[in-house]
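In what follows, structures are represented as structure tokens.
Two complexes come next, and they have one chain in common, subunit A, joined by subunit B in the first and subunit C in the second.
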Partner chain A sequence: MLESLAMPVEKQIIAALLLPLFSAVISYFAFNSHKKLHVLSGWVASASVFGSFILFLILFYTLRLGLAQEVNAILNSDLGSWINVGLVQIDFMLRIDGLSAVMSLLVTGVGFLIHVYANGYMAKDENRPRFFAYLNLFIFAMLILVLADNLLLLFVGWEGVGLCSYLLIGFWHKDMNNAQAGQKAFVVNRIGDAGFIVGMITLFLATGTLSFSQLQSLAVSLSPELVALAALCLFIGAIGKSAQLPLFVWLPDAMAGPTPVSALIHAATMVTAGIYLICRLSFLYTLAPSVLALIAIIGALTAFFAATIALVQNDIKKVLAYSTISQLGFMFMALGAGAYSNAIYHVITHAFFKACLFMCAGSVINACHHEQDMRHYGGLWKKMPCTFACYLVAVLAIAGVPWTSGFYSKDALLWTVFSEGDILSFLHLGDYSLAVLIYYLGLFTALLTAIYMGRSLVMTFFGQYRGHGEVKESSAVMVVPIAILASLSYFFASRYGDILMELLYPWTRSDMQLSHHLLAENPVFKEREHLSMFVALGGLALALTFFWYLPKVTQAVAKVFAWPHKLLSHKYYIDEIYNWVIVEPLRFVAGALFKVIDRALIEGLVNGSGALVLVLSRRARVLQSSMLSSNVLTMSTALILFLFWLLW
Partner chain B sequence: MISSYLLLAVSLFAIGVLGVLVRRNVLVVLMCLELMLNGVNLAAVAFSQQLQNADGQVLVMVSFAIAAAEVTVGLVIIVLLYKNFYATATDAAQNLNG
Partner chain C sequence: MNSGIFTLLTLTLPILAVLIIYFIPRTALKTLYVIANVFFALDLLLALLLWYLYVPESSSLQLRYQYAWLPDFGISFSLGLDGLSLPLVLLTSFLTLLVGIHSRSVSTGLKGYLICVLLLQAAMLGAFLAMDALIFYMFWESMLVPMFFLIGVWGSSRRVYAAMKFFIYTAVGGLPLLAGILYLAYLCLQQQNQVSFAITDWYNLNLSPNEQVVLLAIFTFAFAIKIPAFPLHTWLPDAHVEAPAGASVILAGVLLKLGLYGLIRFCLPIFTEAFAGYAWVLVILATLGIVYGAFMAWVQKDMKKLIAYSSVSHLGFCLLGVASLTTEGVNGAILQMVNHGITTGALFFIVGALYERYHTRLIADYGGLAGTLPRLSMFTLIFTLGAIGLPLTNGFVGEFLIIVGAFEWQAVAGLVSVSGVILGAIYMLSWYRRCFYGTPANTLAQKNDFVLREYLVFIPLAILVFVLGVYPNLILSRTTATAESYLKDFDRVLQERKMP
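After this line comes the complex of A and B, so read on.
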């Protein structure tokens, strides 16, 4: 039946891809013109993403039919040759395999919910068509990224989402801080992108192709050093996009954008592009174990550092931003352990609960008259029961409380790290291998996660209301998408986890290729699972005790440890360090260059040539006096001289 | 014989040149131009008589016709000058200086 209903697969892929772009163009050019059409833009945008989602669902079922027959089945859509110069042959090719099907469903599904939510959140904004145009354009770019069949096309999407992120962070650009946050995101990402380009060119020079399937077959024949170099450079790109340790500074600032943007781009989808990239190139990374070890280490350190910073932040969106960085660190840990599918699994569940958290935060911010400081919240559970319930579910999920989605994904993720003995197996600290150390750091971070999320829950919803002004529950347009995401973050993994793992089978580490039920029979796994449960519940219990029942004790503790507290609330002074080590010297050099090269040399040359002509002409212009008699005198003198010369 | 004609012709021409150089009134300048022209005409006629050749006289006839046209154009220029600058002095129109 599906076959008769559906268009040909290729056209279906193209339609699903182009729908959001089409709507973006309409929004930007048509709906912007009339105030009355502004309302329309949001709904058309949501409908286009929903249509795209439905098309991807149909494609997903088609793919599953194919997967039932063959593990590596893919759906292709070849739009013809893109670049064809000499030996360079790059096609405009889209592909849907298990990985991109999962990602495109996530992008359009979560994207649709956030579009609907944004209709409520941005209801009073005057620039709504522009907002939805950017949001739709983002969906389009993200779809290009996940559907691309070669590295160059992926890069197009990669830059496209970066552009949309920049545009949306600075959406309220009349405030200089927002515009600067957008610039910061753009510039920091550019550092990562440089790595991406170098990696891409390295691969191209070595193999002569950028198509994933061809790279996969050729990668084995390359020298290990070359593979490691390319993998490392591409990982730098992933670090930039996914806000990992040296380059994470842009993501907290990116919270300057509207909250739906934070939910969609800076939590659920775009920042996971780095994880997707490494997953997509898993064949490469499997051949570079040292890079994998580096990925695991960076992931673990990022997770830990970001979680400690999140402990003391007071801005609710900053807490969630650092939590996002921390969770992305978890995903990189799994990638480092070679468990690509588990990383994607966590990407999916994280998208649900983190988008939910952000949307709840947006709902609270909207209700509290754009107040983001949690110290001015409190006691909101009575006033906003629906938002509270959803936030609670999402907090339970992110903390990893048993039988939520977050529990399944994070538990499996930590297990992959624990059971991977190969991460730099020669490197031991005492009796522990590096993998086990990373595992314990991850476990401790999970504890911190439960604590800071519990803290944000307590500060926002429990106790006494500390703010001013009336607080009302948000409208249904906002609450319903939140509720859907909350329920997904509760039951998604237990209900659909197995289907997900089946789709991601080619990216699954061999020892993880069994379902959760079979894995659960392993006694070591069971022991670790209990430990995770204990950590999650213990963390939440600690948070409740210290931030709800004993706030005075907490304050006293903060006073005793004033120095570390200050260090944490200033985010380890990393922004300041970057400012002094990189930004200021750069600015100085740029200033010097401006003065010497631009002002003195180039402007001197240009202005100097003009001034020279002016000086030289000062004498000559006396001749042009326009005094008739002097002109005639000159003329007659010349004539007389000419006459003399003639007669001589 | 011819030398006295030529002396007169040169005197006329020189007076004309001096007038053009010295005087500021456009009308006078135009008159001095005519003086220069007539000096030249006189010389041409004198040479024509001396050499027993009618060419010079023909040339003078042509030159008269051209001078008449020239005066017309010159007077028009003077009228326009007066209309635009409310003056008949050559100094009035100095807009084209460097």
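After this line comes the complex of A and C, so read on.
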């Protein structure tokens, strides 16, 4: 048995969790002190995440051994009490079950590759130890998030990753725009977090616990309204963290951070925390079908909305950012259909191909002297063949071209939305049930995805080079991790999809959500699958035609539709609207309150009464004079008043 | 041996130090500094000893010291500790030690400054330890004098105005408080046939509803000024802006807590029915304070004012916890009082450190400090995160408990207080961004990042931010028994009085 080979499971979990934290502390304090140690920080950081990954692999096998005997096997580790007051009894309790095992492997695995890549990307940066300290801290926080056994501890990780995101977006803080973007991310996330807190407390006051297993057993006994309320509030938290409508505005700005950060935090891991949260609480959401419907609608609308914006962006990272928002929307669609395991499936494959895309973008940005505008790229496939090959594979995967990972996960996802009509069928629009409408919107968005990704591929790698300066392929430190991720984006689902779905079985609602291999017999499924293939290939073909062969036609079309084009390239003016409808009025109110209430009203009263006392005391001075008459007057007045008081 | 002697010693040590320092010439700066700090450190050790001797499980008063001072008038010099005062006593001696270490930066009149701080420390400890209302009142009022001088002598340009305002504001609350205290002693004479100022004796008084409401109003008025609760807060920004860094730390860190302390010590158990009936007023004032303070902090141009208004918001949270009358709320409030003392105290030290270097408090004059003063920026970030209640820093658990309590009281109160969580992030991070990020302002010359004295001040504070965030039970295990017994008595009295 593996258990006897290594440390006891409990300690192993703790070690796997704390390794990145230790490394972060060492990086920040020790390696920061001397320039010569800077280079160490990156490698120590990568090694710590790798060590953590290995530990999680061992734990994963232990868990699988357990799962073979019992379906609901869980590995636990209790680090003692955190809060202990009245009803509030919260422990530092960690758990590894199928879901958290998958997520922790993803976080440390992809995290490790991105750490290695960052060694190359940040090679010339003066503040490397600080960078790697934050990056390691992020891994630590993300691990708390996925390993937490109660909602409050999950919230610790939730806010922790938010902090790291804030620090890393604003990593190059000399530019105020970067700092501003970091702050925006934190504040917008806090709006979601407020919802999280309300939902958490609603659940807590109804059940007296925040532990997942206890919540699970108590949830059924709660009133449906209360469950729906709690589910809705927690979903607001997920909207913030996973950048859905209407709180998505922070994610495009978050691209101000270094590209490895965008890959790790804003594509592969942190932004999927909202999906993880809803999966973790799937027992709750299953009891709240109306909230599920809302989740599906918001997911579908976000997916579509973000994809349209991605069509016209010229900044390569912005394209990928909107693409991430759109893909997260897909995952929420699946959650809304109750297909929790499918959402996680797509989280995994998305992590591979989107991290790969971001890292390729980073490789290109680095090679092109920090140019991010795709109009200054072009023809890079000859100069950066490895990066090009990886980008191509990842584009095929995200577009959903057959037999890539993205194809399997996205197809399974759309299929469940289509087939799991029951959960969304209570809402109808005309003759169509909500599920079918959402399915077609999803399919159309998949088409848009293939188009905008094809466009980015063409603009970056095809045609003539339009930039200045020499361009060289990136170093092996950067290319190897990219290549690993590219190959994972290609074969992961076909190789490991079944194991994954097996692990996530408790989060599967029905047989409809089984992996492709098992569904292949179903004729309806076949039909839908062909449709998906057609959409993916058709989208890519359209992109190639319009952006490579017929760019002039495309430009002419853009000119004809100048107004919609402008609307899209300004992201529907959402930022401006928020600014003028919410931020500026609030600031005005705050300023006005300060001037009117604080300074004029309250201070006026205070200083006024001070002045009044001064005036009165000048008058009252007469009473204390040495003149006999006035003394007699005072005394007699007082006596009379006293008598009145006694008699009355 | 009666361990109450340690309680007395903790209180008298600063006074002893004043007597010694009095005889040291004002020019012997180093001697003054060292001796004062030795005493500050000894006092902290004594406070730690009290912490160690205190039995967490018991809710009764412990480590009592009693001396029948004026027995004919029922006044006794009686001291004691429970879960409410213990954390605050420790906070007081901890923060004054840091202020003592920091006092090296005081340019003129170090002797007078140290004497004021020592007297202030004695007065604050006395107010927390006193179990006799008149003694409490004596210490309560005597805090004003050294603070008045600290602001009026060592403050900045408008210091005299600020000192007067501070003095008058608090004295206006204080005099009715004295009348209320005398009236309660008089009631004691009527009902128990002997004058008594012992607070615990008053818990059994039988007050008519009208008496309760009037006295509650009088007491709460005095305490609300100190807290400071909206709309009685306007003295605070002025006092902070003009006060020297050390005085600001004490003012925000300890002095403000006395308002809430009094509220729990006096109003909750003595005016039970009135408190239960009018808790909603406090809840409204508290939630208004949370939101209003946050909005005010957002638009401030002077960073001391910003932190002062953030105190209004944070203490609104504490007041909300107390007024919610729930175990979670009250415990959270006590915990948050300590946390606020640490983070806000630290932030005033930070502002002091910045002011020492650049002689301006205007946010607009700063920028890009993260590049020029990386260590100071790191510490500031830690305290900022503590202030906005990031989990695993000290601010989170208290805030969470208070919000739970508020939701138990009524969902609306909870919802409003949650908005404070968002607003807190906005104003604190905006401040941090404007001062520490961006390109360094040209006017800011390169300065020393840190000196030893600053390490000594900031490292313990930063450690506490994390320790209390990860292990809040350190405080909570001391407060729960007391808070629960207060609330149990509260409910019992309400039940009993309802029966007939």
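Observations on the model:
Methods note: the second predicted complex is superposed on the first by the 586 of 648 C-alpha atoms of A that agree within 3 Å, B and C clash if a C-alpha of one lies under 4 Å from a C-alpha of the other, contacts with A are read in each partner's own complex, and residues count from 1 in each chain.
One rule holds in what follows: contacts are C-beta pairs under 8 Å (C-beta built on N, C-alpha and C of every residue); 3 or more make two chains touch, one makes a residue touch a chain.
On a predicted model such as this, the values are computed, not experimentally measured, just so you know.
When the two structures are aligned on the shared chain, A:His570 is found in touch with neither subunit B nor subunit C. Contacts of A:Lys35 after superposition: neither subunit B nor subunit C is touched.
A simple residue count on subunit A separates subunit B from subunit C, and the partner touching more is C.
Touching of subunit A by both subunit B and subunit C, each in its own complex, is seen for no residue at all.
By the touch criterion given at the top, residues 81-88, 152, 155-156, 159-160, 163, 166, 170, 173-176, 178-180, 183, 186-187, 190-191, 193-194, 197-198, 201-202, 204-205, 586-587, 589-591, 593-594, 597-598, 602-603, 606, 610 of subunit A touch subunit C in their complex. Interface of subunit C with subunit A (complex): residues 165, 168-169, 231, 234-235, 292, 295-296, 298-300, 326-328, 331-332, 368, 370-371, 385, 390-392, 396-397, 400-401, 403-404, 407-408, 414-415, 418-419, 421-422, 425-426, 429-430, 433, 436-439, 470-473, 476-477, 480, 484.
Subunit A contributes residues 617, 620-629, 632-633, 636 to its touches with subunit B in the complex. Against subunit A, in their complex, subunit B makes its touches with residues 17, 20-22, 24, 29, 90-91, 93-98.
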